[in-house]
Amino acid sequence: MLFAMVALPLLGALLPRLVQPLGRRSVAVAAALPALLAFLLLASAAPAVIGEGAVWKASLPWLPQAGLALAFRLDGLAWLFALLILGIGLLVILYGHYYLDKRDPGGRFFSFLLLFMAAMLGVVTADNLLLLVVFWELTSISSFLLIGYWSDQSAARKGARMALTLTGAGGLALLAGVILIGQTVGSYDLGTVLESGDRIRADSLYPLMLSLVLFGVFTKSAQFPFQFWLPHAMSAPTPVSAYLHSATMVKAGVFLLARLYPALAGTDLWFVLVSSAGLATLLFGAWMALFRHDLKGLLAYSTISHLGLITLLFGLNTSLAAVAAVFHIINHATFKASLFMAAGIIDHETGTRDIRRLGGLRRYLPVTAVLATVASMAMAGVPLLNGFLSKEMFFAVATETSLYGSLHWLVPILAVLAGGLSVAYSLRFVHDVFFGEVPPALAAHHPHEPPYFMRAPVEVLVVLCLLVGIFPAVFVGPLLAAAASATLNGSLPEYSLAIWHGFNLPLLMSVVALFGGILLYRFRTPLFALQRSWPRPSAPQVFEHCLQNMIGAAGAVVKWIDNGALQRYVAWLLLPVALMMLAAIASMPDWLGERALTPVDGLAVLAAVLAVVSAVATVLLRRRRLIALLMISVVGLVVSLVFLRLSAPDLALTQLAVEVVTVLLLMLAMYFLPTRGTIESSSWDVSRDLFLSISIGAGMGLLALFAMTHPGDTISAFFIDNSVPGGGGKNVVNVILVDFRGFDTLGEITVLAIAAAGIYALLENLGLCLPLYDPDGRRWARERHPLVLRVISQAVLPIALLVAMYILLRGHNLPGGGFIAGLVTAVALVLQYVANGVHWVHARVPNNYHPLVASGVLLSALTGLASLLFDHPFLTSTFSHLHWPLVGEFELASAMLFDLGVYLTVVGATLLILARLGKLSVVEHEESY
Amino acid sequence: MEILLAIMIAALTGCGVYLILRLRTFPVVLGLTLLSYAVNLFLFSMGRLLENAPAVIGASELHADPLPQALVLTAIVIGFAMTAFLMALALRAWGEFGSDHIDGRTDELDPEQRP
Amino acid sequence: MTMATEVLVSFLILTGATFTLIGSIGLVRLRDFYTRLHGPTKATTLGVGSIILASLVFFTAKAGVLSVHELLITLFLFITAPVSAHLLAKAAMHRQEKKVKNTRGEPWQQ
Amino acid sequence: MMAHMIILPVLLPLFAGLLILLEWRQRIWLRRLISLAATAALLPLAGYLWLQAAGGEIGVYHLGDWAPPFGIVLVLDQLAALMLLVTALLALPVCLQACRGEDKNGANFQALFQFQLLGINGAFLTGDLFNLFVFFEVLLIASYALLMHGQGAERARAGVHYVVLNLTGSSLFLFGLGLIYAATGTLNMADVTRVLMEGRLVSPLLLQIGGALLLLVFALKAALLPFCFWLPGAYAAASAPVAALFAIMTKVGLYAIWRLWPLLFGHEASPLNSLVTPWLWPLALLTLAFAALGVLSATRLATLAAWLVLMSVGSLMAVLTLATEQAWAAGLYYLVHSTLAAAALFLLVGLISAQRGLLADQLKAGNDLPPSLAVLFLILAVVLVGLPPLSGFIGKMMLLQATPDAIFWILLLLASLLSLIAFSRAGSTVFWRQQKDAFAERMAVADLIPLLLLLLCTLVMVLLAGPLAEAARGIAVQLLDSQGYVDAVLGSGRALP
Amino acid sequence: MLSTALIIGFFMVGTALMLGGWRILIGPTLPDRILALDTLYINSIALIVLFGIHAGTSLYFEAALLIALIGFVSTVAVAKYLLRGDIIE
Amino acid sequence: MKRFWPSPLLSLAMWCLWLLLANDFSAGQMVLGIFFAWLIPLLTEPFWLDRPRVRKPWKLLSFLLLVHRDILVANLAVAKLILSPPSKLRPAFVEVPLDIRNDFVITILASVVSLTPGTVSADVSQDRTVLLVHGLDVADIPAMIATIKQRYEAPLKEIYGC
């Protein structure tokens, strides 16, 4: 049933949006229905909860690991708030139906309203702190949507953002506080938490918890110094203001104070923080309210002030004060909601909310006038009205408070002052609007009473004010008792709900406040002048300004850290490496290990010198790019010779072949790119780069030396032993590539294939203009395809193919293999492009190499897949030695097929890449592949 | 021999790193090429050095560690693919913003060099 | 391996190495590109050629069976080397690289 | 035959990609069909593998029937299974979205997309360090190409940065691998750990440097400050589906660290333990802070999304370094959430840009937008800022509960506040400040389906938060048991020939 | 005797390599440098074959063969670049 | 026939090449060689320009011997030149008028000229009528032209009958 109560508005939130097509009335009904049902459910709980003071609970597990559960409780306090939420909610819906303009999308409005209603219900009925936070944040979101309802108004957007930012921040703080509490208590279950108040207060983190929670509370309830968002939330439609910013959302804060009162209250810290915030808010709100010209503004500030009052009461740390607080919550909700609606009616009928443009309205809306007057009297705390009672209580506890040490007399004084102010602004609300003479503009507007059902809610609330005010014990006694006892977790203090307590200090204070207020209003003009003389920065402007500065600062910091220069990014990446290397060099025990050095000879020295010199030359001559290219190919040549010398013929072959293709590649690119670079790096950059390169180079060199001279046993012995018996090949390197680690090779050729496909896509419709002159400004030579080159390249092709086949076949047993063979083939074919041009070649071979690449990888992959048929893992190899007459003994190995796949891939990929680059200069249209 | 190889690795790595830190795409490509040479030598040297001991069964009694060789082969292929892609990307960048600056800055570029 | 073959192999090696060296000396010593272009042909032809022969003889003698695949190297070089020289010459002429004064005849415009 | 299921997440995209390349008549519908079919098939497959792994037993697959440490192994533990599942969940919507027309803006998109999946899945499955390198290269080269898909100057710039950085990273990766091989004489992850535990290291120094280099490379992939500068540009420049797919890419780097943490980086016997661990925590926090500033300063929706990705990286790296059961459980939940949510946002940004013409995704007042987009944006904002009741909040809550550190709390809470501000500004600018004259294009419902699928996932993450958290706990427990991993991988090897 | 001859041979070819390297460094013209690189390739063929004899194995033969077969391609490409800029047209 | 076995001579060459490569004259290699000797010419056929048929194979052999002899001799001569002071060289660009017109044969001629040390064929005129030769040390230009034409061009012309 508790679930139902929360779920109804939650799910019902969809309803209005859905029935929107059916017209405004049905929208309103659809909105009212879930609320009404929930209300009935609540009412049905009254006998038990209010009558017997029972506590209804319901719970479902959600995230036990985090202590989050869908747990609800309905005790007196929850019931009271639920009543406010649902009761006033219903009235607001009724009112809103008439308030909203025909053009406004009512569906959206009521959906948000119901969503908010559900969230509030969740907050007040949550029996799990984390769940409470969940709903708490939901109220922020839905109120953001409601405030920003008229999204085309800048004020609405700003107000909404400001509200969301503050309440959102509060919510985060609350979350942190709640988690801290939960971790201290060891549970997020509300009951447990309320029981273990002493443990919480004793905990070293209590101050932190308290401040976090209070931050949440104060932001939500617009307590000083966070009050400024509330008035600007008034740009919301009046029903919203009436609902959120008088009756409910802002009460969520004080609700939490009440809820956690047993767990957190009772310490000096609590008193200082809560009561001083409350007191400040009380006075500030009352003062500001007096000077508002906007009706809703006035009400908003008075709301702030009353919330301050409630907060102050909770802060006083006496159970009586807590009771008073709860009582005032009830009263304030009733009169403030009715006043908001009255203001809405006035706005609706006159088209303005500016007090200065209003007056004498009693002639046009007599009934509304009466209602508003009564309600404001309640607000002012005039006897026989509910406001009076709670104010009396307030004064009573204020006089009894012994805190603030020597300043204990301060509280009552300020209380009276606040009371006086509230009388003053109430008076202003009534007198300036309904009495005095009518401004001509207004008269022209011909205001009249609103439709009955728009006024009815106000009437209901005002009647409540009276009833409670006159017969408190009857109409509010049980409710107050239940709520208060729930707040105090059982123990109720002694208090009496009577209009007359005899002549005592509180009564005197009331009288003083009453007449003081009247005087204040009478002589308000100097006060207005005084007020006007103060600087009044508008909160949204300040807020936006701060926000903009913050964003600007953030942007600046980001720009400062990330300046968008790749050079710096790479430097950042390499800096740790350099540092590591320096550390390694420093900590290196012995560079030369026990392993004997292999003998050096002149030739080796010579090769090393050649390589080093060429590498350095590459760096120095990098700006003369062709020369740099030649230099780097010298390095490549030497590297392959080194591989050869150090018993790695396969590497040497591969390196040599790749070398040639790379040169072709770079030549192709160099045609388009500028051939001379410019000097740009600053000297600081250069020194930084030198530091990085030298330290990393030295480090890597020394590490290599260290590793080479410190032998260790590796898994390689296995490969050497199993190459022939297990892999059927004598060339262990090749067997590793196609068998032991064939999976790597499959990935490797896939990389090649992807690169080819990617480059193809990358260079699609890339229009580069062709240089007409060479770097020295010379026209290019006339002859496109020199005769000798053409003929020889044709002669080379078949030979190269033959050699490729030879290298491919022997690869398994001798240096060679698919990759080298593929490169040889590719080079021979690219040579055809070079010698005869694209058109000539593409007239002779299919010019789309994608299928070739794909089929290559496919062949290798399928070879691997075949083993699955025999339920062997992917890539399990097999081989056998056949004996044919005449041919003799020869070997067939699945690995060879795999290598063939490698071969095809390499041929295809290399051709795809180089031909694509070559075609860049060939003007022709081809459809995208 | 180890010392010589170490020196080569050091030199190639250093030069490669320095070139990678340049401002134009072409030197960067050269730098990565140099660096991959260095990496290959380095990876290869991790199998320790042996002369006249190719990892071919029956060709010699001693065999150099074949695993790093296989790894280097894979590395060479992948390196080639990557160099090719980067080169193509450099062309694309040159075509897109008429500058071979690695950040695509078009200032300080003499006009007739624009594509 | 008999003394004779060893002598033969050593001789061939030395010849080859000598001509290879001379080729490169020419590369350094000669005055202009066009004359330098002649240097490497030594290395290509006689230099590599006789070293190849050395290898051929050596392995044939070592294994006892005829090992002739070394010849392929020379064959391939004979096919490919002239193209390099040809294109380089064309490139040099295109770039109007300067020639020594006493050269008779004119390089062609490309 | 069931034993071979482990290899399918690799083979499926491989063959799909190859078939698409093979399809020489360039029939776009056929390519889409192949790609969609393969991607869709990944989902049940990943589900099946998840169920396999959920039992707690680690599946080991000997490629080429060669026993580890000699052959390459695929290892399917719960973490790998989870990552596969997330990838599959992500891939399908993205593929669908791409098929709505984005794939026509350049050549070979579908093939590259499949290869990207191949690389990612392979990286998640492999138990061999060098093979991990290979799959990293596969997914990188594919990502290079995908990033450039559709071309344009911005992508070219971002592309050059991304490619050069990662190529440098790959070189470092190889240096690191070499050193680890020199130090341990093996490449198999489990075997490395065994060598560690048996104290058979050639030299701790070699392993330290090697491991540190690997960690550096992974940090680059995961985009940890100060190696993260490539990310905002690249992700913001990429086309919507690509960016959405990239949401998993940073997680691959994180995964690698996570995988090797119990085995190498954080192992008590490891000389790296004391060396690298102290560095990661502050860097993670700095990343978080930096990302928060970035989110606030974003001037485009795509950039905002990119910074959010970075933010998740920071938080995840932080909890990763804690290496406690609770922290890792929270982290894993958050990882899944952040990946899916970020991807969804990238898709949404794509839809929004499509509606706003030249204005694209810039945070400026534009034309009227379909309310459906507004609602989706609101929901995603709630998810990503970490507001209740959606997955972001749950993730954030678990992170906070798992991390007993004030600075982390402050940063995380501040970060979500800043993103709240950023989102409210962005949303109110794009959706509320509209010039009424401009009208909204019609929104095809089909365009929303991929996005809705992703949102559905996050919703499920909320409803099933309990069971999921339990599963995450299970993964963390299994992950922390390095001995168990080693035994599972090496113990189950067949008798060596 | 053979070993002596080999040592001398290595020395001479090595010197040849050095001279080639020198020419690449100093140029002066681009064709000179290219020619020098080409010579370097050819000299390394000689070196490899000598090394094969020295090692007594024919495993290194393919390397020499490969250079002889496709080594000229890069020379051709660069020369073509000097002539036409566009090596594939 | 022509379609399945385009060029017997090329096939023969391929076969020999294969055996040389394999460095092994076993039956298996011969069979394999036959296969490739058939396959590769078939695949590369489209790439061949018009290749003149060899009319007098035996002449070809003697020509090859002649060329090798010249190469040997020239090597010694040029070696002396290189080691002698460079100033004494008499380089020259010599334009050799061509009688043969066939591209293939012209290329062979050019190659032979380049292979014999002391001369490099620097260019062939567009209309295939003149071969530009650079001589390292040319005493008498007409004599050199005559030598090239008689020693090399004539035999080639005879061999290919063009």
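Chains here go by letter, A, B, C, D, E and F, matching the order in which they are written, and residues are numbered from 1 within each.
Following the convention adopted for this analysis, a contact is a pair of C-beta atoms (placed from the backbone, for glycine too) under 8 Å apart; a residue touches a chain by one contact, two chains touch by 3 or more.
Source: prediction; values computed, not measured.
S.K.: Spelling it out: a chain qualifies if it touches chain A and also touches chain B; which chains qualify?
M.R.: Output, common partners of chain A and chain B: D, E.
S.K.: Any chance you could name the chains that touch chain D and chain E both?
M.R.: Touching chain D and chain E alike, sorted by label: A, B.
S.K.: By mean C-alpha position, what chain is farthest away from chain E?
M.R.: Here the answer is chain A, farthest from chain E.
S.K.: Measuring between Cα centroids, what's the chain most distant from chain F?
M.R.: A
S.K.: Is the C-beta contact count larger for C-E or for C-F?
M.R.: C-E
S.K.: Quick check for you: compute each chain's CA centroid and the global CA centroid, then name the chain with the smallest gap between them.
M.R.: D
S.K.: Where the centres are mean C-alpha positions, what is the separation of chain C from chain D, in Å?
M.R.: 58
S.K.: What is the distance, in whole Å, between the centres of chain B and chain E, each centre taken as the mean of its C-alpha atoms?
M.R.: Those two chain centres are 21 Å apart.
S.K.: Using mean C-alpha positions as chain centres, tell me how far chain B is from chain D in Å, no decimals.
M.R.: 28
S.K.: Taking each chain's centre as the mean of its CA atoms, how far is chain E from chain F in angstrom?
M.R.: Chain E and chain F have C-alpha centres separated by 22 Å.
S.K.: Can you pull out the residues of chain A that are in contact with at least two other chains?
M.R.: 564, 566, 570, 574, 629, 645, 649, 670, 700, 707, 711, 714-716, 719, 741, 744, 748, 751, 754-755, 758-759, 762, 781, 783, 786, 788-789, 792, 796, 799, 803, 814-815, 917, in rising order.
S.K.: At least two other chains touched by the same residue of chain C: list those residues.
M.R.: 25, 37, 39, 44, 67, 69, 72, 76, 79-83, 86-87, 90, 94-95, 110
S.K.: Hunt down the residues of chain B that sit against at least two other chains at once, touch-wise.
M.R.: 16, 20, 25, 38, 42, 45-46, 52, 54, 56, 59-60, 67, 74, 78, 81-82, 85, 89-90, 92, 102-103
S.K.: Any idea which chain F residues touch chain C in the complex?
M.R.: So the residues of chain F touching chain C come out as 17, 20-23, 71-72, 75, 78-79, 82-83, 86, 89-95, 110-111, 114-123, 125, 132, 134, 136, 138, 141.
S.K.: For the complex, which residues does chain A have touching chain F?
M.R.: 783, 786-788, 790-792, 794, 797-799, 801-803, 805-806, 809, 832, 844-845, 886-890
S.K.: Can you list the chain C residues touching chain A in their complex?
M.R.: 76, 79-80, 82-83, 86-87, 90, 94-95, 110
S.K.: State the interface residues of chain B toward chain D in the complex, per the touch definition above.
M.R.: 16, 20, 25, 28, 32, 35-36, 38-39, 42-43, 45-46, 67-68, 71, 74-75, 78, 81-82, 85-86, 89-90, 92-93, 96-97, 102-104
S.K.: Across the complex, what residues on chain A touch chain E?
M.R.: For this pair, the touching residues of chain A are 601-603, 606, 610, 613-614, 617, 626-627, 629-631, 633-634, 637, 640-641, 644-645, 649, 652-653, 656-657, 659-660, 663-664, 667-668, 670-671, 770-771, 774, 780-781, 783-784, 786, 789, 796, 799-800, 803, 807, 814-816, 820, 824, 827-828, 830-831, 833-834, 837-838, 914-915, 917-919, 921-922.
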